[in-house]
Amino acid sequence: MDPVLRPQRRESDRLLPADPALRSIARDLYARVADAPIISPHGHVPAAMLDADTPFPDPAALFVTSDHYVTRLLHASGVPLDALGLGRETVAPRSIWRTLAEHWHEFAGTASQLWLEQELREVLGITEELGPESADRIFDAIDRRLQEPAFRPRALFDEFDIAVLATTDDPLDDLDAHERLANSSLRGRVVPTFRPDGYLDPDADGFSERVQALLGADQAPSTFAGYLTALEGRRAHFRARGAVSADHGVLEPLALDLDAGEAERLFAEVLRGTAGAADRRRFRGHMLFQMARMSVEDGLVMTVHAGVLRNHSTATRRAFGPDTGHDIPIPTSFVEGLRPVLERWGLRPDFHLVLFTVDETTFSRELAPLAGFYPAVYIGAPWWFLDAPHAMARFRSAVTETAGFYRTSGFIDDTRAFLSIPARHDTARRADAAFLAGLVAEDRITIATAERVADDLVGAIPRTAFKL
Amino acid sequence: MDPVLRPQRRESDRLLPADPALRSIARDLYARVADAPIISPHGHVPAAMLDADTPFPDPAALFVTSDHYVTRLLHASGVPLDALGLGRETVAPRSIWRTLAEHWHEFAGTASQLWLEQELREVLGITEELGPESADRIFDAIDRRLQEPAFRPRALFDEFDIAVLATTDDPLDDLDAHERLANSSLRGRVVPTFRPDGYLDPDADGFSERVQALLGADQAPSTFAGYLTALEGRRAHFRARGAVSADHGVLEPLALDLDAGEAERLFAEVLRGTAGAADRRRFRGHMLFQMARMSVEDGLVMTVHAGVLRNHSTATRRAFGPDTGHDIPIPTSFVEGLRPVLERWGLRPDFHLVLFTVDETTFSRELAPLAGFYPAVYIGAPWWFLDAPHAMARFRSAVTETAGFYRTSGFIDDTRAFLSIPARHDTARRADAAFLAGLVAEDRITIATAERVADDLVGAIPRTAFKL
Amino acid sequence: MDPVLRPQRRESDRLLPADPALRSIARDLYARVADAPIISPHGHVPAAMLDADTPFPDPAALFVTSDHYVTRLLHASGVPLDALGLGRETVAPRSIWRTLAEHWHEFAGTASQLWLEQELREVLGITEELGPESADRIFDAIDRRLQEPAFRPRALFDEFDIAVLATTDDPLDDLDAHERLANSSLRGRVVPTFRPDGYLDPDADGFSERVQALLGADQAPSTFAGYLTALEGRRAHFRARGAVSADHGVLEPLALDLDAGEAERLFAEVLRGTAGAADRRRFRGHMLFQMARMSVEDGLVMTVHAGVLRNHSTATRRAFGPDTGHDIPIPTSFVEGLRPVLERWGLRPDFHLVLFTVDETTFSRELAPLAGFYPAVYIGAPWWFLDAPHAMARFRSAVTETAGFYRTSGFIDDTRAFLSIPARHDTARRADAAFLAGLVAEDRITIATAERVADDLVGAIPRTAFKL
């Protein structure tokens, strides 16, 4: 691999404050953590990719069509998704890449621009600026790189110095890939994450079939108790394979403690498909409550990603499937909806509940006050649309004065774009260095304290929150 | 006209960041666009004023009583509106001006202070600071200026270098003033905007009479179909007179696709005044949907200004009429309410839907994600209470990382205060230069990219969004 | 007292912007107001403490167990509240102090860290940094200080140069302590505040008993009219003892104007405990309306602290009582809920309604627009979780461009931590100096205007808002 990767990154002052005094402090803080091993406790890299260690495909597949943050903005700019090869496979990769290059100025200032440019520069060693004129040269340069052994997934995994990488997995996944990876020569751990949404939400496509498969896999009876036992069984399997957390994506952060009779009745109705909207909502709420109960019992960290309306454009979902760029955040509030869980288990330090939001109004209003009291609650790092330098700065500004740094989760990249992982963590480290530098320059904390916090943000803090 | 106008503006570093490195970059970016022609695709300057080209009245009428941003803050400070000559005409202009001067420190830091001081300095060449002691001298100086031919509306229109100015007009307006202006010697275009709120909202004062007048003007039958045809007819008239957009001010951004039978029934009931609140809401929602349908068909850009509760103080509206400073924003969400429109036409790049908000929580949560996917959606510029430097900075910070610059509308002054137009656009140019300078200084974009974006923000971006 | 207190404070650039040009301006502005007398028109220091003038207890009781901002974050970090001596009295103060010291890095960047360090340094003259190693030395140093006469409450009151300190008091309090303080040698005024929540909210613990006691104290009949008369009587007593305001803590800022019949019926039912949730809510809403009516009549400034869900953790409240760190903000909107009050009395400059929020989305969306029109409305200073430097900066950024500085209330410390009062006001003064410096550096206001505003923010502005 290109030996300039690390020094090149560290020598840049990217994202550090412009003011010389601030920048100097921030640079020193960043230098401490720039090369720290990467802890990635929540993300979407497929274990199979690392297991198979197949070379990455062409530049378009790697950087465009597999990244719905890139395709969505091209789409917004008037490029139909099928012109990018989504939904069919007949568009030439070079043509897709040229389309990206023609629209590249429209990505100026976005997170996607930041990640992609940093990947080109610091992972692939390509320093030329992307644009219509350079598109072909850069395409060819990437293409050559991707054929080198040093750019295959496992080599990069070690090169990136990833200490822990959590994948996100279907409850019925056998996790054999994880077992093979655990026994491989990879220097870091790859751990699965239990993600049961499709088995808990009656409105999910194929819910009944999925639940039947779950019950069948566990040879469990078709009762609510059997269903819970089957879920507990799969969680145990995940724990045995190294999982540290269970993840829950919900539109509404609602937990309901129902009595056994109602739960049994709702379970039967949602399986038959006869439950009305209110009952389906109650069932969903009860299952979030049950997931908290299981986390308390088996120790898996519970992460909740709330407030995103999935697949806003029905026509796009039908033509191109989910995760095609039209998941849209809605107003969110955690205080009442999660109260049943917090009333029951919120005071237990061994229960870890990490709350992620895309409604940044909850940062100062709810997440910091909740995490500033309940030992169970951790404030999830800036997530999704908020996962970029300005938003990170707003996040720290909003939560720190109420909850400090130690009630936050540490950075989560939440990405399936493997090559972007170093860029994303690097951005978080720089953003935190910049924020800490401000506290130092304004005489709020000493440099020694800032150094300790900077170190902990890439080590002790995520390790504690995720029980690593 | 005072020859120092332009240089005076460009030589000031007003609103540029204090940090020397940032300021230097921002200054260069601003210099590129400081003298660019003004594109004003949404505002409230009356075409009749330009058509008649009558001199502006006295300083109080020009800067105080016609500007409800100024009167509202005086009112908040304890000055009754009738002491400012509202509702009656017997207060001496000089007395009103002195009242403003006595309260001027209470405007410190407001947008109104910024506009008025810049108008005095850069349009009228008056550099003395306003206060009780200087009030009379400044009043006299303005008064003299306003009698000069160079300060009549048309001369200023050319002096301001306005390329496009959109007015906002009643659907039944004959638009003859626009036709005369199109044939006049004005260097820029003055185009009408179709604003049908009063014809669509059953709760608007005089709704039934207005609809009857509409149907009469078009000799249309009193059916829902006739009503739609009449609206289409007026839109065609607007398009023939140069209109590029239709504007919709709504409390709630709600669009409903009703079947023909329900629409016909609701139309009859709202005309008779027998519809209940829920039905009136459904009718309003359906008419927003119909307006979208018409925009798709006739190509007028659809702008939606949502979330303002008009006339909060009933006593004030009764005594002094609407637009007297007590329109108050409420919590707003676009995601579900506009979904019917976006499901139907959101993927069409030829449909342009520009969304404006006064609830800034929607910037990062909703508007940037929607405009970052739907080719139809553009993020409206900071509007109304958010139309000032700090709010502009928050706007760019909130939307850019998700949607970039090219999914925003370009600056909209939305003003009836003709003299403030250069100051408002100048402020937006400075604010954008400051924001771009930050991205350059933090090594996120190159200076060449920043220059392109700065240029486009005052040219290609508003021209594209508004089909100019 | 240690003679370095004041100079030490003024010589630090803490919280002033890092940029040299900004800092220089901010430093000059801060210097003007650093030593201005403290006006504290809303807080929770007990009058009895000043009246008795007993020495402060040990360091743990003074700085830890009496401050639920400190205990809540220790609790979140896994320290059970009873390990801090809450709920029982058997934990050694030195042990509690050591626990704080071990966790002190977890407070980095919080408001609590800022207050406590400034209290140690500037009130007690202790400059060593707190940590496990220094814990015992600092404990002993504090302990010695607290035994000196100069550190008793009254001596500090004069040393702090407090001009006005408002306490918060039960409506049935005899206020004799206030009378004695008024006749004491204290240089400043200590005034009571009428806080009737527990007598107005049917959901408050002991509501009926409290109302019966109120009626008994006033020998009023058990009718709604008698209840109102009794409340008016207590307000008159408060006014006679120097009160300038009545304070209202509500979950929902809702005011309802009910007719006499409904009010009478609801009053009977809430007293009997037979009212349903909707009726209890209506009663509460009507009582907020009645409180506004009484404020209009008797001139007490009405302050509303809205949007906090009290006692989120039932188990904690049961074990340790209220005010133990788990009051959590919820989404709040003032526009519709307070409309009945504003429609009725909002145009009266003699009615002062100061609105406080912990949902910062309302700053730009609602509070600034309301206070920018209604002479009755003042924007309450950043409150509770928002009462820290970054949040103060967000507050000024959000409200100033719409409402200026003169529609805000001036700083409110809202604290029961007497020793923290100078640190809190000092922070607000520095934050405002920093904000004003930004306006000066960006050429938005002159230095002379900034100086006037800085002066007024610690003098004329709170004196006007609170009728002092």
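By written order: A, B and C. Residues from 1 in each chain.
Here, a residue touches a chain if its C-beta (ideal position, glycine included) is under 8 Å from a C-beta of that chain, and two chains touch if they have at least 3 such contacts.
Keep in mind the model is a prediction, meaning the values are calculated, not measured.
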> Is it true that over half of the residue numbers where subunit A touches subunit C are used by both copies, so same, or is it different?
Replying inline: different
> How many degrees of rotation map subunit A onto its copy subunit B on CA atoms, rounded to the nearest 5?
Replying inline: 120
>> Could you work out how far the Cα centre of subunit A sits from that of subunit C, in whole Å?
In response: 39
> What are the residue numbers in subunit A that touch two or more other chains?
Replying inline: 17, 19, 331, 361
>> Using the touch definition from the top, list the residues of subunit B that touch subunit A in their complex.
In response: 17, 19, 21-22, 331, 333, 335-336, 339, 342-343, 346-347, 349, 361, 364-366, 368-375, 377, 397-398, 400-407, 438-439, 441-446, 449-450, 452-453
> Which subunit B residues qualify as touching subunit C in the complex?
Replying inline: 12-20, 72-73, 75-78, 105-111, 113-114, 129, 309, 312-316, 325-331, 358-361, 385-386, 388-391, 394
